[in-house]
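The letters A, B, C, D, E and F name the chains in turn, as written, and every chain counts its residues from 1.
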Amino acid sequence: MPLIKLGTMVYITRKEHFNSAHRLFRPEYSDEENLRVFGKCSNPLWHGHNYILHVTVKGEPNPATGFVMDLKTLSNLIQEKVLEKLDHKNINLEVDFMKGELASTENLAIGIWEELEPLVRLHGVLLHAIRLQETENNIVEYFGNK
Amino acid sequence: MPLIKLGTMVYITRKEHFNSAHRLFRPEYSDEENLRVFGKCSNPLWHGHNYILHVTVKGEPNPATGFVMDLKTLSNLIQEKVLEKLDHKNINLEVDFMKGELASTENLAIGIWEELEPLVRLHGVLLHAIRLQETENNIVEYFGNK
Amino acid sequence: MPLIKLGTMVYITRKEHFNSAHRLFRPEYSDEENLRVFGKCSNPLWHGHNYILHVTVKGEPNPATGFVMDLKTLSNLIQEKVLEKLDHKNINLEVDFMKGELASTENLAIGIWEELEPLVRLHGVLLHAIRLQETENNIVEYFGNK
Amino acid sequence: MPLIKLGTMVYITRKEHFNSAHRLFRPEYSDEENLRVFGKCSNPLWHGHNYILHVTVKGEPNPATGFVMDLKTLSNLIQEKVLEKLDHKNINLEVDFMKGELASTENLAIGIWEELEPLVRLHGVLLHAIRLQETENNIVEYFGNK
Amino acid sequence: MPLIKLGTMVYITRKEHFNSAHRLFRPEYSDEENLRVFGKCSNPLWHGHNYILHVTVKGEPNPATGFVMDLKTLSNLIQEKVLEKLDHKNINLEVDFMKGELASTENLAIGIWEELEPLVRLHGVLLHAIRLQETENNIVEYFGNK
Amino acid sequence: MPLIKLGTMVYITRKEHFNSAHRLFRPEYSDEENLRVFGKCSNPLWHGHNYILHVTVKGEPNPATGFVMDLKTLSNLIQEKVLEKLDHKNINLEVDFMKGELASTENLAIGIWEELEPLVRLHGVLLHAIRLQETENNIVEYFGNK
């Protein structure tokens, strides 16, 4: 009996990373108010992170390849729609899908989901999770607006 | 269209760690019986671990901050209710919520959940998971008594 | 009130690893076709990986031990049914449950599930997840054919 | 015979981390010239990193404590002289010992050495190495100007 | 020209780990004095760690095997002389080479060196370094009493 | 006083990885003899690893760039001379500088040194170390034939 049967759902994850600058602040607040709400993350002269991104998609493996989706293809999608926009960039000033948004890890994870979800679907699989690690101690996961 | 919509559920995780001593044993067993059941973990003179703890909460990001919950606040809760009780302590002898319990990783994860769940809820979010790593090869996860 | 109550479900994970050779190819394709579909992974002279395996089972902790299942027992099962077959082996040529299958990480994860699921059940717990990491950037998860 | 003998030299290392923004550029260059020399690291709108710092000191363990130096004391020195200046800061604009310097990892490691070396010596030990990791793939080590 | 030439020195490292209980204290001090000097590490009821040990030996590779030393042999030596004594033990109470010594990481590294150095030499290689990690942030290295 | 002074020596490291197949054996031995000497690493049907490579060079930082050497250039050298030859290849059968050599990690590290050393020197820096990790527990370092 073959390993892949009708309805066999498998989850595959690609890990990528990008290095960006950002700050947490509301423009209508004074620097003092921003400091009170966002702490040192509100520094007006910016700080930055090595973000680690895990993108998980799910689907039935293709019996012809054994792949849910070629991870090279998934990596290329992430490269084009996410890393090109974020890597070595200022999240507050340069990233189209973050314009007007607070540059929190939560919002960034939602924004990355919105970027990737329609494209991933075109490849016949479903986006399952965006996992975004800002530091070793702080991790955000988003599974779509279900 | 803003990234945060009605019902947008996001999961955030804080990683912490603590170093404790413990042993696995039943007081009504002899040392030989404890050795047979619990192996070298039953050593009456104790051993210990660097435990790694991931606490995951879920909720809707606050549009005013972009945060599900300030991770600094979550870290402070864990510090006060979990790390102060466990770090550099003897789990069998010094931890109030483990009194009378076997000091297994499973029980420790449940105990940490019970400590944190009511407090986390007061901050308007839900505790989703306690992930407790005793060694690199042994991990326990608890998602509440559902 | 004891930590373990009726219906308390806990998840425990054992991490193991194995080092194997494999190649991705279809025997009815020429080397050129395999190269086009599977890239450098189709090298007819093989390549290999340090696979990292996480096996997660779930169940109610036994009040007598505090364990869902003795992780040593789980490790022994994985050793006997998975590592003995895969470690320092050629996945395409030497692994019984991969005969006639494409040696993709997806198929390997499904095959490991099929090997372990009946045995784990005999120990009174349920297999929850097979997580198989081929490289730091490529991860597959399988939760059974549900 | 005691473990610590005359002249027993031991090396101890404290790991710390900080998150900063920076850019690589020469002010007398145009943006195009900076891009050619420094690549995407020259982005005028900044980017950032989670830097990982290992500080190694060497000395003879104190027979009264078994310590070369209390690692808590070393951590406090690093906190005061390095992390307070660098964490959540802009390396080019806000760090006194980097003023007028290119914000390369090499220069940053030398600057951290200069900050710590005199202080460490006051505690009766010698600074041995500064190891600074900018990304998982890029590491700089400095052992002083010997 | 063969890769291994006369005098080609190569360093090989084996990583192992052990989980132990300990406390830092001087028996002639009161608990208050010990707390002042050793902080929470002086807890009279013990705490513990997952220690990570790297043992590095150096020598000329054997042209017949390509090995400086069979790492399986080195691992067996470490198992017999170090891990059997330390793993799941109380360092202060149960480890012969630590009797009467402060259970600091420095002393433990020196003690492990003394255990292994004569045995390693019998295999025709030289012990180069003991690297002992008590926590992710605290590391000790010892290169012998040179 | 500038950070970079005459004779300031700094060490920079680039981390790369490759996935290869190999076996340890001597062609003049029978399979039984090879099994006795090399254990399961002698499997005639190959096995493989995710090798992790750290290449360290040393030199004086260039005051014009703050770089010892552009790590992108170093990465390109490693790509061309090492990874193209080793990644997704069979070390015994396909790697020119390993022909006729035992495919031990020691020999592989020496071979990589020989590949890179002359090229690195052309860039005005010195090769300091090749660190090659075959598994998480087995590491080889080579510092040249000094």
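Criterion: contacts are C-beta pairs under 8 Å (C-beta built on N, C-alpha and C of every residue); 3 or more make two chains touch, one makes a residue touch a chain.
Worth saying up front: this structure is predicted, and the values here are computed from it rather than measured.
Note on connectivity: the fewest steps through touching chains from chain A to chain D is 1.
Taking each chain's centre as the mean of its CA atoms, D is the chain most distant from chain C. Looking for a copy of the A-C interface in A-D, D-E or B-E, one arrives at D-E, which has over half of the same contact pairs by residue number.
Shared residue numbers account for under half of those found at the interface formed by chain B and chain C, and the copies are therefore classed as meeting with different residues. With chains reduced to the mean position of their C-alpha atoms, the one farthest from chain F is B. Spacing of chain B relative to chain F, judged by their CA centroids, is 41 angstrom. Chain centres here are Cα means. That of chain B falls 33 Å from that of chain D. Put simply, the C-alpha centre of chain A and that of chain B have 27 angstrom between them.
Across the assembly, chain E contributes 136 as residues in contact with two or more other chains. Interfaces, counted as pairs of touching chains, are A-B, A-C, A-D, B-C, B-E, C-F, D-E, D-F, E-F. Every residue of chain F that touches chain E in the complex is listed here, in rising order: 24, 26, 37-39, 97, 100-107, 109-111, 114, 136-143, 145-146.
Those residues of chain A that touch chain D in the shared complex are 17, 19-22, 40-41, 43, 45-50, 87-90, 93-94, 135-136. Chain D makes touch with chain E in their complex at residues 2-5, 7-16, 54, 56, 61, 64-68, 71-72, 75.
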